[in-house]
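One chain, subunit A, links the two complexes that follow: it is found with subunit B in the first and with subunit C in the second.
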Partner chain A sequence: MSLWVDKYRPTSLNKLDYHKSQAAHLKNLVAGGDFPHLLVYGPSGSGKKTRIMCILKELYGPGVEKLRIEQHHFTTPSKKKLEISTISSNYHIEVNPSDVGNNDRVVIQELIKTVAQVNQLETSTQREFKVVLLTEVDRLTKDAQHALRRTMEKYMSTCRLILCCNSTSKVIPAIKSRCLGIRVAAPSIDEVCQVLQMVCKKEGLNLPGELARRIAEKSNRNLRKALLMCEACRVQQYPFSADQTVSEPDWEVYLKETAHMIVQQQSPKRLFEVRGRLYELLTHCIPADVIMKGLLQNLINSCDGELKTEVIQTAAYYEHRLQLGQKSIYHLEAFVAKFMAIYKRFLEEGIADIF
Partner chain B sequence: MQAFLKTGNLGTVSKDKVDPGTSKGNKEKNKHVPWVEKYRPRCVDDVAYQEEVVVVLKKSLQGSDLPNLLFYGPPGTGKTSTILAASRELFGDMFKTRVLELNASDERGINVIREKVKTFSQQSASSVRPDGKPCPPFKIVILDEADSMTGAAQAALRRTMEKQSKTTRFCLICNYVSRIIEPIASRCAKFRFKPLTEDILVKRLRQICDNEEIECDDDALTGLLYTSEGDLRKAITFLQSATRLKSGDRITQADIYNIAGVIPNDVIDSLLTTCRFNSYEKLQNFVQDIMNEGHPASQLILQLHDTVVQLDELGDKQKSVVMEKLAVVDKCLMDGADEFLQLMALCSTIMQQFCCKNI
Partner chain C sequence: MSKKQTKLTSLWNGNDYDSDDSDCIILDPLPETCSTSKKSDISVVKIPSAKKANQWVSSAFDGFDDFCMTKSTSKDSVKHSTSSTQREKSVAVKRPHHQVSNGNDLFSTKRTVTRRTNVQPDTSLWSDKYAPKSQGDLAVHKKKILEVEQWIKGHIDRKKLPPILLLTGPTGTGKTSTVRVLTKELRCQLHEWSNPLTNDSNDNWSDNTDWRNKVDSGISRSQISQFREFLLRANKYNTLDIFGEDVITRKIIMVEDFPNMFYKDATPFHDVLRKYVQVGGSPLIFIVSDSTYGESNERLLFPKDLQSQLRIENISFNPVAMTNMTKILTKVASEESSHGSHRFIIPDKCVLESIAMSSCGDIRGAINALQFACLKDTIDLAAVSTNKTKSFTRKKSTTSNKKSTSNKKSFSKSGSFQKDEELMSIGGRDTSLFLFRALGKILYCKRDEPPENNIEKTLLPKHLSQFYRDPLQINPEEVVEKSHLSGDYFGAYLHQNYVEFYNNIEDIVTASEYMSDTDNLTVDWASRSVLQHYVVSIATRGVMFSNTSRAKHNNTSTSLGWKPLHKPQWYGTNKISRQNAESARYLFRGMRSSPVVLQTELIPYISLINTTLHDTGQISCMQELCRFSSHKVGRYEKLDEKDVDLEDDETLNNRQHKEATLPLDTDDVISNSQSNLKNSQEVDDEDDVIIDDYDD
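The block that comes next holds the complex of A and B.
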């Protein structure tokens, strides 16, 4: 039994649930049997991957759904051995080069060249190009992105690239100018509701409109998250009731409590306790920037207008440092300490004003 | 199912094969060539707008010597096209044996410079072609995207460049001349490639439109000019993408903006309006919406910059505060900081500036 997310993933451009005009455009694009390099971007859970797979299916037929996992080995010039796993069908190969960290350039150079230098023998029955799908392009090093530039032009005849990322901010302009950018916006709350209703109907369940709306709002317009939440609700309680609690991930609850602790008391002792909780979160593999953002969302609600600006500036400052630095706990803790200082000062000023 | 489809495929193909004219197949293939390659200048004369280089290269075509070259300038101004066109004219059929092209996608560490480039440059070149016509007695090494070469690799070039000057010319191409080490730069004749002017861009684009028989609004061309910022390659790619997407329909300005990822102006305007309300919650929701729509933060900052500069509402001092924050945020984004937080920081600064004035 597969998850609803996978079970009800649309498999052709005609069946997509939203952004229909874009789907029509994409169909036009592929109809000619060919397309330029694509750069697909949008927030997570908006359906980038679904669209890419639909395009591939439109191009090559159902053969693309026969996937296999392969291990590739590379050696860097400094004789370091790299290993990376790829998912491929007969027609395309998917790889996440940022898996190998700083050595992603070697992977890009070697992998794309090996794929691209193989000409299809019989072009009459097949497309004359293969597709290389690179995910998380925004996490590629600058080196690797530069390596992509000329490769993209040189092997145009035998290979198309589809790049997939969350934001194009970190993609160098040279690559952007060589690709057709496709923005996939997150579905609106209504669209998420519709999809939820449709999935439940297919499952033979009855989903109250209010609950659907609540799930959609909680998911932050992330369709994948919404579907997973909905399925979790189903496991929890069925038949659905309109006022059923939508369970949140336990780390979010934990984070909420941590934020509450910070607001309650500002002292070195409390800071020490908070540090313990932060470590707890980090050891459970919650990314540091997610923790930072979650803390901020919760903390900011208990601040006044003027203070909010100051807090958000601090958060932005420390989050930037977090990206530059090595150990995330320092920066998280620094942010908490700074927040405590700001908040305490604000409280004391408030008291002074009263007297 | 698959077998069925395959036979279906073969059926249609065999029909094609029956067709005696292979021209159809060729045409089909040509349709898929990127226009950037299709309309790459074939000879030096075709190169648009870069007179100085053209004059020097033309002299060398007429038989005089060629210096080592260093081309620099923004992307899409024709640097690679120029040198490729020139060497094609110089060597004709011998292009493959006389030119070594290395770019960032090739391995270009110090070892490659020492071995590959050195061996290549040590080969002697005769001054006659196999068919007896005269040709220049040197080879060309093109180092594309030279600014992404390591300093060590560049240093390894120094002596090679001088020693082999009899038989080899180097042409380095880069975006930023400051990333080329001084000793190399001083060994080359430097040429700056200017960003193309609007009328030249329009002329080229019109030419392509006519060739490809595309209907294109004047507005759409203006949109192309605005989005491409003097980068001809970008403009052509956008044009081709738009044509593909619309498949025969008229291309409008909105299509171009859509493809280029430009954020609609009303989004920017309503962002500023939201800032004026001085309400953190509204701002947060709005920024979250923008992020959910998938607009990249870097693009937003770029457009916000244009808008804020022209805003009459803010004084010079306030604008300068916003601009400073803008610069900081841009740098942070480059470093990989979270987009939402950085945008919130920026917008809250703008909000402050709006509201300070009212007090």
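The block that comes next holds the complex of A and C.
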């Protein structure tokens, strides 16, 4: 049994549920024969990958759906062995270069070289280029991005790149200018509801509109998350009721508790406990920036209007450092401490005002 | 004197030091044939002699088939015998004053008398000459002596469990002396192992052909086997009744000098210990000096699991207290000046104090320094340092008069950094600190009373007065340097522990800001190694400065008390999360999604949806990622008082890279990480260890 997310993923540009005009544009692009490098960007869960696969299918036909997982081995100039898994069909190869951390440059260069050096076998019936799909381009090192720029130009004749990322802010301008940017915006709440209703209908379930709306809102317009939530609700209780709780993943609950602890009490002892919980979250592979964001979202709810700017400013300050630095716990803890101090001062002032 | 006999007497090692005198040849049943007098014809005679020795030995030591010399070749055994004579000689030369150890008064007096006549008294070390003779003489803290005494008393007569005691502590804190004095007072026999010297060189010259053979196979092998034999036999036989005294049957074995081979590979040593526990009977005392850097001998020779397995008790000594030290130095100096070989002026009190201070609790070193300072040629040197120290001590005494509460702490307080330079002139030590103490020094952040004459200068303007701090007692950079840790790592330790030492959240805000700064400074890897020194400076000084509750020297009201320190969680957390991410990515690679999505959305929801997963690896990985322990907050390891952290950044990174390469057997990795998890959760709150402040 596969997840609904995978089961009802549209497979062709015609079947896409939203951004239909964009889909039509893409169809025209593919039909035009030649094809520039693409940079597909947009928030998580907005359907970037789905669109890319649709484009590929439009290009090569159903052959792209025959996927295989492969392990590739590379050796860095410093004789370090790298191993990376790719997903590929006969016509394209998908890789997430950030899996190998700092050595992504080697992977990008070698991989694209090997793919691009081999021409398409049947140029008469097929396109004369292959496609390399790179995901999480915004997590590439600067080094790798510059290497990518060179390779892009070099192998233009035999290979096209499709880059996929959440935000273009971390992609160097040189790459941006060499690609056709395609922005995939997050679906609106209505669109999410529509998709949910459609999926439930196909599953033979009756989804109350109110619940669909609540799920859509809670998912933050992340369609993947919305579908997962909906499926979780289905497991939790069926038939659906309009006011049933939409369950959250454990780590979010845990994070919420942590934020609650911070608001409850502001003392060194409490900070120490919070630190323990932060470590716990980190061990469960929750990225530090996600923790920071989650904490802020939960904390800001219990803040007065005038505090909000200060808290958000602090969060931004430490989030920036966290992105740069190595020891994320230092910055997370500094943020928590600072928030505690701000909040405590606020509470004390509030008490002073009463008397 | 026959070699055979020497060899046999050596079995009673520790009793018959006078093997070169003829009065102790007591072994009648020996066959006369095997006696050899010339070294040149050893090769001729040694084969039969060794065979006979084998027979003789094996019949007498039935219980120790593995440990008797069946394996050793005839050459070995002869060499063995020569080296054991050598050993006894070396004992006699090296530790003349130790002869008293078997409590045989008559014997010992005889020895000392002979030594007096032989040796020029001027050249003997005072630390040997004035070695403690009774409990009162010991500079060790009374509680520690009591502890050791109780252990000896408790185990001396019990036959069943062969007890092993491990004494640890810095050098020159009286570990050995304590044992000696106690055994003497309890009228026990002390058997001591000391390493045999390497083969007699004369022996080797005689036959050049076998020289290489002997070096290769002989020495190391025989040292270990000798050690083994010593341990297993020493408690088996009583002292022979040579001098007509009552035989003391209570014995204690002491090992201070470990055969060198054990430092390379400790497993044979552990085997010997296990065997000893099975067969031995007498209490066994090991003495290991601490080392703050590199591989700790204690951890190498006595790993924790072995300690618990063999129920080895561990008593650790602290550095000698400053008051005790000065007392003893004064005593030694006055005795020496009245009875010693040459007259000299007893150094005045502040010189003695400064010697005591600079020795950092090493009484042996202090006495040696004193002797050096009192030599004819160097007496003026002491005077120089007196002049230097005088100014300081005067200052100190004026302040110490005023502060009535912390008066007794004045010794330790003057151990501050500006003095170290001056003390070096009379034999100060380049010391190193245990990580535990180094952290303690930073976190407890003791401050001096400001000298009042320049108090106006140090006063800050009014609006900045909240930033005023009393001068520090220590120099943080120096502390870090002494701890032998990289700046990054020391920072991680500080970060793990600083919160508990703070009283209000505002202070933590500043401190955590400093910590955040430190990480921010080392962002660029190219400059990281240079900036590390600055970073640790910021971290230590930041932590010390931010703690406003400890800004003044006299905040006794906010006494922190004893707090346990912990190892940083960061590295462990980082490792586990990396492993988890790795295995998650590998196991769920069919999902074709980026790691962040996988870890924050897919896997958590899959666990909510109850999808049937077919892979056991996937299931356990999912459980690992989605199970939050809400009741247990911290999973931290306690930092032991004497833990030495070897894990430098580089090695750690290397290891992490190694782990980062995709694991082939992922199931294994997961179960590992789970067992790690359990282990760390089992680390519960141990009862607090009380550390006596060594500054009395």
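Simple rule for what comes next: the second predicted complex is superposed on the first by the 353 of 355 C-alpha atoms of A that agree within 3 Å, B and C clash if a C-alpha of one lies under 4 Å from a C-alpha of the other, contacts with A are read in each partner's own complex, and residues count from 1 in each chain.
By our rule, a residue touches a chain if its C-beta (ideal position, glycine included) is under 8 Å from a C-beta of that chain, and two chains touch if they have at least 3 such contacts.
Remember, it's a predicted structure, so these values are computed and weren't measured experimentally.
K.L.:
Mind checking the superposed model to see whether subunit B and subunit C fit together on subunit A or clash?
P.N.:
On the shared subunit A, the partners fit.
K.L.:
Could you say whether A:85 touches subunit B, subunit C, both of them, or neither, answering first, second, both or neither?
P.N.:
In the superposition, A:85 touches subunit C alone.
K.L.:
Counting only touches as set out at the top, which of subunit B and subunit C does A:173 meet: first, second, both, neither?
P.N.:
A:173: touches subunit B, not subunit C.
K.L.:
Calculate the angle at subunit A, using C-alpha centres, between the directions toward subunit B and subunit C; round to the nearest 10 degrees.
P.N.:
100
K.L.:
Check whether A:241 is in contact with subunit B, with subunit C, with both or with neither, and answer first, second, both or neither.
P.N.:
Touch status of A:241: no partner.
K.L.:
Who does A:156 touch here: subunit B (first), subunit C (second), both, or neither?
P.N.:
In the superposition, A:156 touches subunit B alone.
K.L.:
Just subunit B (first), just subunit C (second), both, or neither: which does A:221 touch?
P.N.:
first
K.L.:
Figure out whether A:136 sits in contact with subunit B (first) or subunit C (second), or with both, or with neither.
P.N.:
second
K.L.:
Answer with first, second, both or neither: which of subunit B and subunit C does A:282 touch in the superposed model?
P.N.:
second
K.L.:
On the A-aligned overlay, A:324 touches which partner chain: subunit B = first, subunit C = second, or both, or neither?
P.N.:
Both partners, subunit B and subunit C.
K.L.:
Which of the two partners, first being subunit B and second being subunit C, lies in contact with A:14: first, second, both, or neither?
P.N.:
In the superposition, A:14 contacts neither subunit B nor subunit C.
K.L.:
Once both structures are aligned on chain A, how many angstrom separate the closest C-alpha atoms of subunit B and subunit C?
P.N.:
10
K.L.:
Across the two complexes, find the residues of subunit A that touch subunit B and also touch subunit C.
P.N.:
324
K.L.:
Under the stated contact criterion, what part of subunit B meets subunit A in this complex?
P.N.:
Residue list for subunit B touching subunit A: 1-2, 5-6, 9-10, 13, 16-17, 31-34, 36-37, 75-76, 103-107, 109, 111, 144-145, 148, 231, 233-234, 237, 240-241, 244-247, 259-261, 278-280, 284, 288, 291-299, 329, 332-342, 344-345, 348-349, 351-352.
K.L.:
Note which residues of subunit A are touching subunit B in the complex, please.
P.N.:
25, 28-29, 31-36, 41-43, 46, 61-63, 77, 109, 124-125, 143, 146-151, 153-154, 156, 167-170, 173-174, 176-181, 183-186, 220-221, 289, 292-293, 296, 300, 305, 308-309, 312-313, 315-317, 319-320, 322-324
K.L.:
Name, in rising order, each residue of subunit A that touches subunit C in their complex.
P.N.:
1, 3, 44-45, 49, 69, 71, 80-83, 85, 87, 94, 96, 99, 101, 135-136, 222, 224-225, 228-229, 231-232, 235-236, 247, 249-252, 254, 257, 266-268, 271-273, 275-277, 279-280, 282-287, 290, 318, 321, 324-327, 329-331, 333-334, 337-338, 340-341, 344
K.L.:
Where on subunit C does subunit A make contact in their complex?
P.N.:
492, 495, 499-500, 502-506, 508-509, 512-513, 515-516, 518-520, 522-523, 569-570, 573-574, 576-577, 580-581, 584-586, 589-590, 592-597, 599-602, 604-612, 624-630, 633-636, 657, 660-662
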